[in-house]
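Both complexes below contain chain A, partnered by chain B and then by chain C.
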Partner chain A sequence: MIKSNHAFHLVDQSPWPLTGALGALMLTSGIVKWFHSFNMTLFISGLIILVLTSIQWWRDISRESTFQGLHTLVVAKGMRWGMILFITSEVLFFFSFFWAFFHSSLAPTMEIGLAWPPTGIQVFNPIQVPLLNTIILLASGVTVTWAHHGLMENKFSQTLQGLMSTVILGLYFTALQAMEYIEASFTIADSAYGATFFVATGFHGLHVIIGTTFLITCLLRHKSCHFSSTHHFGFEAAAWYWHFVDVVWLFLYMTIYWWGS
Partner chain B sequence: MAGLLARTGFRLGKRPSLLVCSVRGEKYMADPLEHATGIERKELEAIKKGNPDPFMMRVMKRGPGTKDQPTAVPSFQESRIVGCICHEEAFYVNWMWLYKGEPKRCECGYWFKLTEAQDPFK
Partner chain C sequence: MASHQGGMLLWRRLALFGAIPVVVLMTLKTAFEVSREHAHHERPPFIAYEHLRIRNKRFPWGDGQKSLFHNPHTNALPTGYEE
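Now for the complex of A and B:
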């Protein structure tokens, strides 16, 4: 039964945009409250509301697309553009942190010893764990492409293996980076070096976690046979996001870890 | 793992979405057209039947466009907006309302007539 004689998807009423906005408001103001009053309640509440909103909103999108078949070719095309624009905005987001890094590192001030790295900072050796992390992310780019080709060639098991490998590599990266954070001899408060290092790599790590979650969702949807060999935009969006995360890491590695050491 | 996948396929309905191939235990997915549902499926079926533009979103090539043979513009309702691209290098589209029973002439000289649209999904 077709309810409209046009190709577009006019969505049903949904509470998730409102709850998402409220959650985001609580999250951001909660962070500020955390900084001023050392109280995390508002932040945690905002985070929980935002996570629940995301789960239910995207669950609804899966239902509308896979189960109701409302995603026609033009709808999918629109979403492609949406994802491209979103990733572009994220590129600009990271650009600002790279700007901050170069601002501080190209002309080091008197306060940090007219040198970069600043006097007293023990930087990470770029050919140790950071290099391993680089290899891990590059390999995960290969495995996600393998999974995509498996999907396009109608091969269920190969797609599953590719996706599984990508997720495992992503989790491995996160674990290694977490250990690096714990073992670091400097903190975010340690001069411009610590600030630029932890803000840039920290946001990158957050994006890796988001990307891994997106891939895990694709893995579960694939196991439930949501994807077909021609229509699997959710997977493609996850793969694009993952490649973006990989590229950001390459820039981070080359500038902050390698050039900046 | 194979058992889990087989059960997943079975749980989804009478028609299993997974085909188990005996070569190396590779499982294959369903045919995309079979997998689709709803309006997406109708679109794919229409394309397969030979109509690449079931939602009439592409630019239409006009016919002779004279007063005796106006270009037929299909519509499900009593009126439709028509945009005439008068010539190849026109830098604007001439939009106009077209009403049932009233053939209309664009300023460039081409005539349009509203016709009843056939359901592309039949």
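Now for the complex of A and C:
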């Protein structure tokens, strides 16, 4: 049965863009309401709606591609550009937090003691847990590449092992960072140091969790044989995102952890 | 997508004999150093600096005085350590 006489994918009507937009609106305005009225209802509702939307929207994309075969080469190329543009926008997002960090640290004010780190701040030793975290993320870049080559060479089990190793390393990083956050002698409210540190590393940590979730999704899809050796864009997108997360960490490590100590 | 003959074997070896052992070794080294440091570490005396422990607006949870990852042992409140 012919649905169209061109290679592009004109998607069926879907409620997810609307629910996603409403969910995002509820989430953001919910955070504001939480901070001003100390009520979390709108925020939690927005979060639940957004999570449910994401699951169902991406589930639909898997159905359209893997099961219905609607992702032709041009469709996949379009998605490549889309992912590249999205990651670029995320780079710009992090750029703003690095700007804030350098604004505060290059010319420390009187209020913080004309020094960086500010008076009274005990920084993390960069060659301890932060260095371990750097090694972990770099290693995970190697394991995800192992998985990718396994996929391209049709080695099912190798791909599984590589992906599993990457996920484990990602979870290990998150666990170590959580421990660091709890052990820290300074909080987000401790001068510009605390603010720039926790906002920058905090958003990075959120992206690690998102990236790990993306990789776990690929792991499950791979186990269900969704990927072929030549067509597996979802996996590539996850791998690109993961490398991006790694690069952001390298910049965080070099600037905030190392130079900033 | 280019077909990489043997590309998978290279990355598998880099992962299993390079990256992962380095992670294990670094873990042991870090755990050793951190435990050594923790045994002697004394927390700094409390000085009520104005640029630290800022509370222009209360935190939106609990009594509003503790950050999200508050550690009673290492994080002093604006009035001093709790314990």
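One rule holds in what follows: the second predicted complex is superposed on the first by the 261 of 261 C-alpha atoms of A that agree within 3 Å, B and C clash if a C-alpha of one lies under 4 Å from a C-alpha of the other, contacts with A are read in each partner's own complex, and residues count from 1 in each chain.
The rule is simple: a contact is a pair of C-beta atoms (placed from the backbone, for glycine too) under 8 Å apart; a residue touches a chain by one contact, two chains touch by 3 or more.
Computed from a prediction, not measured in an experiment: that's the story for all the values here.
Once chain A is used to superpose the two complexes, chain B occupies space next to chain C without a clash.
In the superposition on chain A, A:230 makes contact with both chain B and chain C.
By the document's definition of touching, of the two partners only chain C reaches A:38; chain B does not.
By the touch criterion stated above, A:68 is placed in contact with chain B alone, chain C being left untouched. Of the two partner chains placed by superposition, chain B and chain C are both touched by A:158. Our angle of interest has its tip at the CA centre of chain A and reaches the CA centres of chain B and chain C; in the overlay it is 160°, to the nearest 10.
In the superposed model, A:90 makes contact with neither chain B nor chain C. Contacts of A:60 after superposition: neither chain B nor chain C is touched. Between chain B and chain C, more residues of chain A are touched by C. In the superposition on chain A, A:7 contacts chain B only, with no contact to chain C.
In the superposition on chain A, contact is made by A:142 with chain C only, not with chain B.
After superposing the two complexes on chain A, the closest approach between C-alpha atoms of chain B and chain C comes to 12 Å.
In the superposition on chain A, the residues of chain A contacted by chain B and by chain C overlap at 155, 158, 230. Across the complex, chain A meets chain C through its residues 34-35, 38, 111-113, 118-122, 128-129, 131-132, 135-136, 138-139, 142-143, 145-146, 148-150, 152-153, 155, 158, 162, 165, 169, 172, 181-191, 230. Those residues of chain B whose C-beta lies close enough to touch chain A in the complex are 5, 8-9, 12, 17-18, 25-32, 35-43, 55, 57, 76, 121. By the touch rule above, chain A contacts chain B in their complex via residues 2-7, 65-74, 154-158, 223-225, 227-231. Contacts from chain C toward chain A in the complex involve residues 1, 3-4, 7-8, 10-12, 14-15, 18-20, 22-23, 26-27, 30, 33-34, 43-44, 47, 49-55, 57, 60, 67-71, 74-75.
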